[in-house]
Amino acid sequence: MGTENIPSALVQFASADKLINLGRANSLWPLTFGIACCAIEMMAAGCARFDLARFGAEVFRPSPRQSDVMIVAGTISKKMAPGIKTLYDQMPEPKWVIAMGNCAISGGPFVFEGQYGIIEGADQFLPVDIYIPGCPPRPEALIEGIIELEYKITGWRRWPKVTAE
Amino acid sequence: MYRYFSEIFSGLWSLIVGMRITLVEFFKPNITLHYPHQTVKMPARYRGHIELIADEEGKPRCVVCGMCEKACPSGCITLEGEKPEGSKKKVLTSYKLDFTKCSLCGSCVDSCNFGAVEYSKEYNLASTRKEDYHFDLLKRLEDRHS
Amino acid sequence: MIQTLTTPDGLVGIIFLFMVVVTLIGGLVASASERLVRAVIGLVISFVGVAGLYYFLNSPFIAMMQVLIYVGAVAVAISFAIMLAAPEEKKKFSPTNPLTGPLGLISAALLTSGLITIALKTTWPIMPKVNNGSVKIIGIQLLTNHSMVFELISIVLLIAILGALVIARGGREH
Amino acid sequence: MTEPIVLQPDETFVLNVGPQHPATHGVLRVKMTMDGEYIYNAETVIGYIHRMHEKMAENRTYSQYLPNLSRLDYLSAMAYSHGYVLAVEKAAAIEVPERAEYIRAITVELNRISSHLVWFGAFVLDLGGFSPLMYAFDDREQILDLLEGITGSRLTYCYFRFGGIYNDIDEDFIQGTRQFIKRMRKALKMYRKLVTTNIILIKRLKGIAPVSVDMCQRYGATGPVARGSGINYDVRKNEPYSVYSDFDFDVPVFTECDAYARYNVRMEEMEQSLRIIEQGLDKLPDGPVNPEKKPKAIKLPPGDYYSTVEAGRGSFGIRIVSDGDKNPYRLKLRTPTFSNMHLFDEACRGMLIADALAFMGSLDLVIPEMDR
Amino acid sequence: MPLLTLHNSLVTYLVVGALLFGMGVYGMVTRRTLIGMLIAAELLLAGASINFMAFNRFTAPDPAFGQIFTLFIMAIAAAEAAIGLSIIVAFYRHYKSIDTDDAVQLKG
Amino acid sequence: MIIETVTSQLLELFPEYAQATEHVVEIVALEEQPSPEAKKGKKEQLVTRQNGLKNCSYDACGYHLDLQLSTGQLLAATALLFKNGFFLETITGVDWIKEKQLEAVYDFSRYDFDLCRVVVRTRVPRENPAIPTITGIYSGASWHERETHDFFGIKFQGHPHLIPLLLPEDADFHPLLKDFKA
Amino acid sequence: MTLTFLNIFIAVVIAIAFVAANAAYLVWCERKGAGFIQRRPGPTENGLWGLLQPPVDGIKLMTKQLMIPGGVDKIVFIIAPVLAMFPTIISFVTIPFSDQIVAHNMNIGLLMIFVFGSMSAMALLMAGWSSRNKFAMISSVRAVSQAVAYEIPMLVTTITVVMIAGSMDLMEIVHKQGGGFWHWNIWPLQNGLFNVLMPFSFLIFFICSLAETNRAPFDLGEAESELVAGYHTEYSSMGFGLFFMGEYANIVIGACLTTILFLGGWDCPFGLFPGVWWFLLKIYFLIFTFIWIRWTFPRTTIYSLLNLSWKVLIPISLFNLLLTAGLLKVF
């Protein structure tokens, strides 16, 4: 494979990189962008009972220019997809995408023979980082998704893993 | 003139009342569930994705009647079974659940006449791979029982 | 050289030079930039520089007023007017007369060189520092010896407000 | 009152609000032609979350279609499912046990409160107040916990079945609901002090966005929008369905026609819903919650059926055209927001953009319900 | 280091004032929009004010006269801006242009 | 009672349905839908519902009056209903592919306690579905008609802005037609 | 002359540090305060009580890609956030934290703060205009008209105070209020004369400083639900960060000014600890009130905002000016 032959940088700032990644991972500002049912659970996750703010992720920015993570919370219709793509392109690097809910993962319950209106999953046109299944997922699942995203960025999971009994 | 001043004062008063309420809230303990540290127990009827139920021997109770497959509105369930030689009943060989299409409506559990499927209590799934949610329920059942 | 630079006096000189440069660059942008909004920004920069010069001239009060009035009010008003009137920028710099540019340059150069020559050639009678930068003196003078100026300012501003209101109103009705 | 202002069309610019915009509650787009901050003309573009519910109905059996109704309006999922099961039960002549109907009414009203709470929070958020949203969601979480306890789901309940309900309620639910009623009454009092009487809110809503009776009739507005315009129309009273005729409750009607009236209607409605729940719990009969013989595969006799219920946002109608098959031949969902939102285009002309967005909030939009 | 003591000589200020004045003149001649001319006028006034202030500091017997005059100029400038801009806006509303050449109708 | 008032006014307007209302009702009730057998293709002959005014049982089907009329009579009937204080609930279509017809269904209801739900239907051929718009009477019909146009391709003549509403702006398909393939 | 310049230079450096630290941790305070008001804890996971949240956010903002959208006026676009931040820092130079701790006292210190405050209007206008975004444009026009409208009652109230103190020197103003909290300008009783309108003046000044800093309920400039993110819609990374910090720096200035003009500056009601702590206590209490108000009330509209200014604040403050002048003349 050609990708393996890329020479690594001569000087590496490993610790600085780590710090930067930590910074990025703990200050994930989502874009205020709800599409459907899951958006309500996203709001619920931001509200008092679950409080995304604890992870520094409550700053829902209305402008894509200032947000780091896009939570695709709902069904993506074919009419909407170009808009979402534009929003994604407007976000500055580094940026991440969370596909929340079954609709955003694969079209969910709205996939059927002869469907004409929806895109079957956000990963068809966006590089999705985290998938959170559920219809809709509980707010804890979204928090878990944020934690998982932090794990992906830093390679270090700071919180215990909760197993449901 | 009287109205002018009364409006100012009643307006100010309403603002002060509002501020008093938020101040009281400020000193109240918060109600947050600190999720990864604290968890809430899912109610008995919580509907997660489905799981197979094992009988006493650890084998699935499922008799491969296919009712759940038929009832599912979005076609998440595919199951296969075969009739081993010398046996009357069909034996389940694979039970695949595509959780990414599920709407958690419960039709499958409702339709099962043999009590072979139940809801799991998994409420906090998140992963970097979509394929993690194409469950092989039979395998999961075996993992739980081994 | 380096020693002079590091002394406090040297620092002051540098700051002064910086102010002069800011003033001139701002002025250049204001007079020569193609886009009007940039011209306004040039004006702002230039006036901040001018305010700095005033400060060096021992008149902090005037310096403050310069910023307050020009940056805080006049420039904002001009920007508003530009936004309201939204002139098409392309059209503006296709001069009907190709001579306008050089003509302006020549006349400005003549005037400036004349003024500079006068400034350099004349021996100005330098008086001891009479202005100690106090606001009090300005206030007292404004209300005693120069009360006419005070009155005039009031009247001019009053008329300006009324006039602006009347004219802007008229536009609205249309 | 905001008088319509004579505007000059040639000094306008187009402001594109949405599809991603904090005030549109989802994916709605309004192309506003503005004159300064005044709206000269607005064109609503919808369909960004069109999820083909009506087409799906033709591909699914009657019971397979049930989960869709919860996703139609995710905030008051119960009411929409209720409308659908009522329509099918009416057509197929399925008897429903009385206890099931009572439980349906209780859960629908609980769901209505939770829906109004989301509206309340989101509306005040639109107006710039953030904390009421948190309080409202806190109260809403109580309802969700109650409903999750009996249905197993927080938002998309799928609780009703043809002829009955999924599961009987338990003592926990009854006790919890009684406690919730007490808590909610206190909370409503607090909201009144914090928000309703707030001078800023009153200044922002009083006299803003008038919707006349005539306009309601022309656009077919229903629900709180119509009731805020002095129209005493509530399907629960006008054509009582289920067991609503057993309950003693008032339909709040305000004649001011403005955004504040619509606001008050919904606040009042929450109190009335509490009354209904209280009565429902008191009167709750014993008995089964499902008919003796659970209807399995449902086939409706050929014909055309129409059924209406009062959902959180207005009257939700459902038309089923059956040809006798196990799938509906045609299923039409008449959603209230569709009509309510339509009058926005006409009503917002000449309004300030801030007022228009307050107006939009007072309409209580749930976009997927509108786009279907 | 004469460069660093420039702030103590009157000539420096006069030269800067003259340069600003020249820029103002250039702007006045070349700008073809009313707003542009207004900006140039502000530059002219600034150049003049600098002279006043400099003379006040270095030569004047009266401690405040130059400052007061500068204040006066500022008031005039502000008034001019207010009136000028309202004229521009009104003019624009009328003719949809702020180009001076388009104002020929004013001639009658 | 509003039902009687509306019935009499409607019959006044369309006298062809006036003679022997009850008689018409009976026939219509019998011929309303293609029978299940017809659907299954056992019977070749299709029975299409005739135009007429029908009193329906509210408890069974959810409305009181069911009026099927020809396309040209639609505006008159709608105006009459508007005058009587009805509001427009919804407009929708049904694709009767066997009969090669499209049906537009208009639901009307009232705000007051004098309950009366009226369904107005009109059928047009599938090849050239054209129906006059009622946006002149009910402004709120605009979106409903656009939606029906989206789904069924019914052209509402005189509609000021008949562009796709729910479907993307450039959509040229009509998904709720029975012969639609994605 | 020379020394003052050096002083100012050092002072600016200190001011930058003070402002940056303050702005960063005010964001934390705001998030925590909002959290407590809303029955939730706010940031907790990053450091003790989430105290590491501001540096973390800072790292993130600084390492984020700085986007300059196509079609913007680049120079103006870049200058605007700097202009929003820079003047505010300069204003800190003249603020006396106690009778010893003042970077550079000027006899027209009050005027200077207003001067630099007025520059931020230009920054907003530049940001809005250069962004080529209609929301940003509307927002900046709103913010500026609001700032201009509220400058009038603010200045009139300030003049009242200046008349009482007889000076524009901030130190002098505080000194005049010394000797017990009943001498503070907020109370009717001062300098032996009885002015009932002073508490209202304080209120007016406070409301105006809310409006001048574009804080809720007057945050029309960044009205989220209407104008997306307002004038900084198109700003990403540190451009946005500078606006953000500028806002909080403005809040600190507003609180400092209110304290100095009305609450007696470092003057201690009862001398438990040195004056500077009293000063900080007062300004942080005012900042808390800013936060408290923001999370309590909905937003006003531009019209009720201007109405409030013209119909209530300006008449009352003018009347107070006349009354105070009369009282000063008579007694």
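Brief remarks on what is shown
Should a chain be cited, it is by its letter among A, B, C, D, E, F and G, assigned in written order, with residues numbered from 1 in that chain.
One rule holds for everything that comes next: a contact is a pair of C-beta atoms (placed from the backbone, for glycine too) under 8 Å apart; a residue touches a chain by one contact, two chains touch by 3 or more.
Since this is a predicted model, take the numbers as computed values, not measurements.
Steps from subunit D to subunit F, taking the shortest chain of touch contacts, total 1.
Chains making contact with subunit B as well as with subunit G: A, D.
Chain centres here are C-alpha means, and the one lying farthest from subunit A is E. Per-pair counts of C-beta contacts peak for the chains C-E. If you average the Cα atoms of subunit E and of subunit F, the two centres end up 74 Å apart. Per-chain CA centroids place subunit A at a distance of 20 Å from subunit B.
Rounded to a whole number, the gap between the C-alpha centres of subunit D and subunit E is 63 angstrom. One finds 69 Å separating the Cα centroids of subunit B and subunit C. In subunit F, the residues that touch at least two other chains are 167-168, 175. Counting partners per residue, subunit B has 15, 18, 21-22, 25, 30-32, 34, 73, 103-105 as the residues that reach two or more other chains. Listed by chain label, the pairs that touch are A-B, A-D, A-F, A-G, B-D, B-G, C-E, C-G, D-F, D-G. Remark: subunit C residues 8-9, 11-12, 15, 35, 37-38, 41, 44, 60-61, 64, 67-68, 71-73, 75-76, 79-80, 83, 134-135 touch subunit G in the complex. Subunit A meets subunit G in the complex at residues 19-20, 22-24, 26-27, 32, 47-49, 51, 53-56, 58, 61-63, 65-66, 68, 90, 92-94, 158-159. On the side of subunit E, the complex with subunit C involves touching residues 1, 3-7, 10-30, 32-33, 35-36, 38-40, 42-43, 46, 49-50, 53-54, 56-72, 74-83, 85-94, 97-99, 101. Contact residues on subunit B toward subunit G in their complex (touch as defined above): 8, 15, 18-19, 21-23, 25-28, 30-32, 34.
Those residues of subunit F that touch subunit A in the complex are listed here as 167-168, 173, 175, 180-182.
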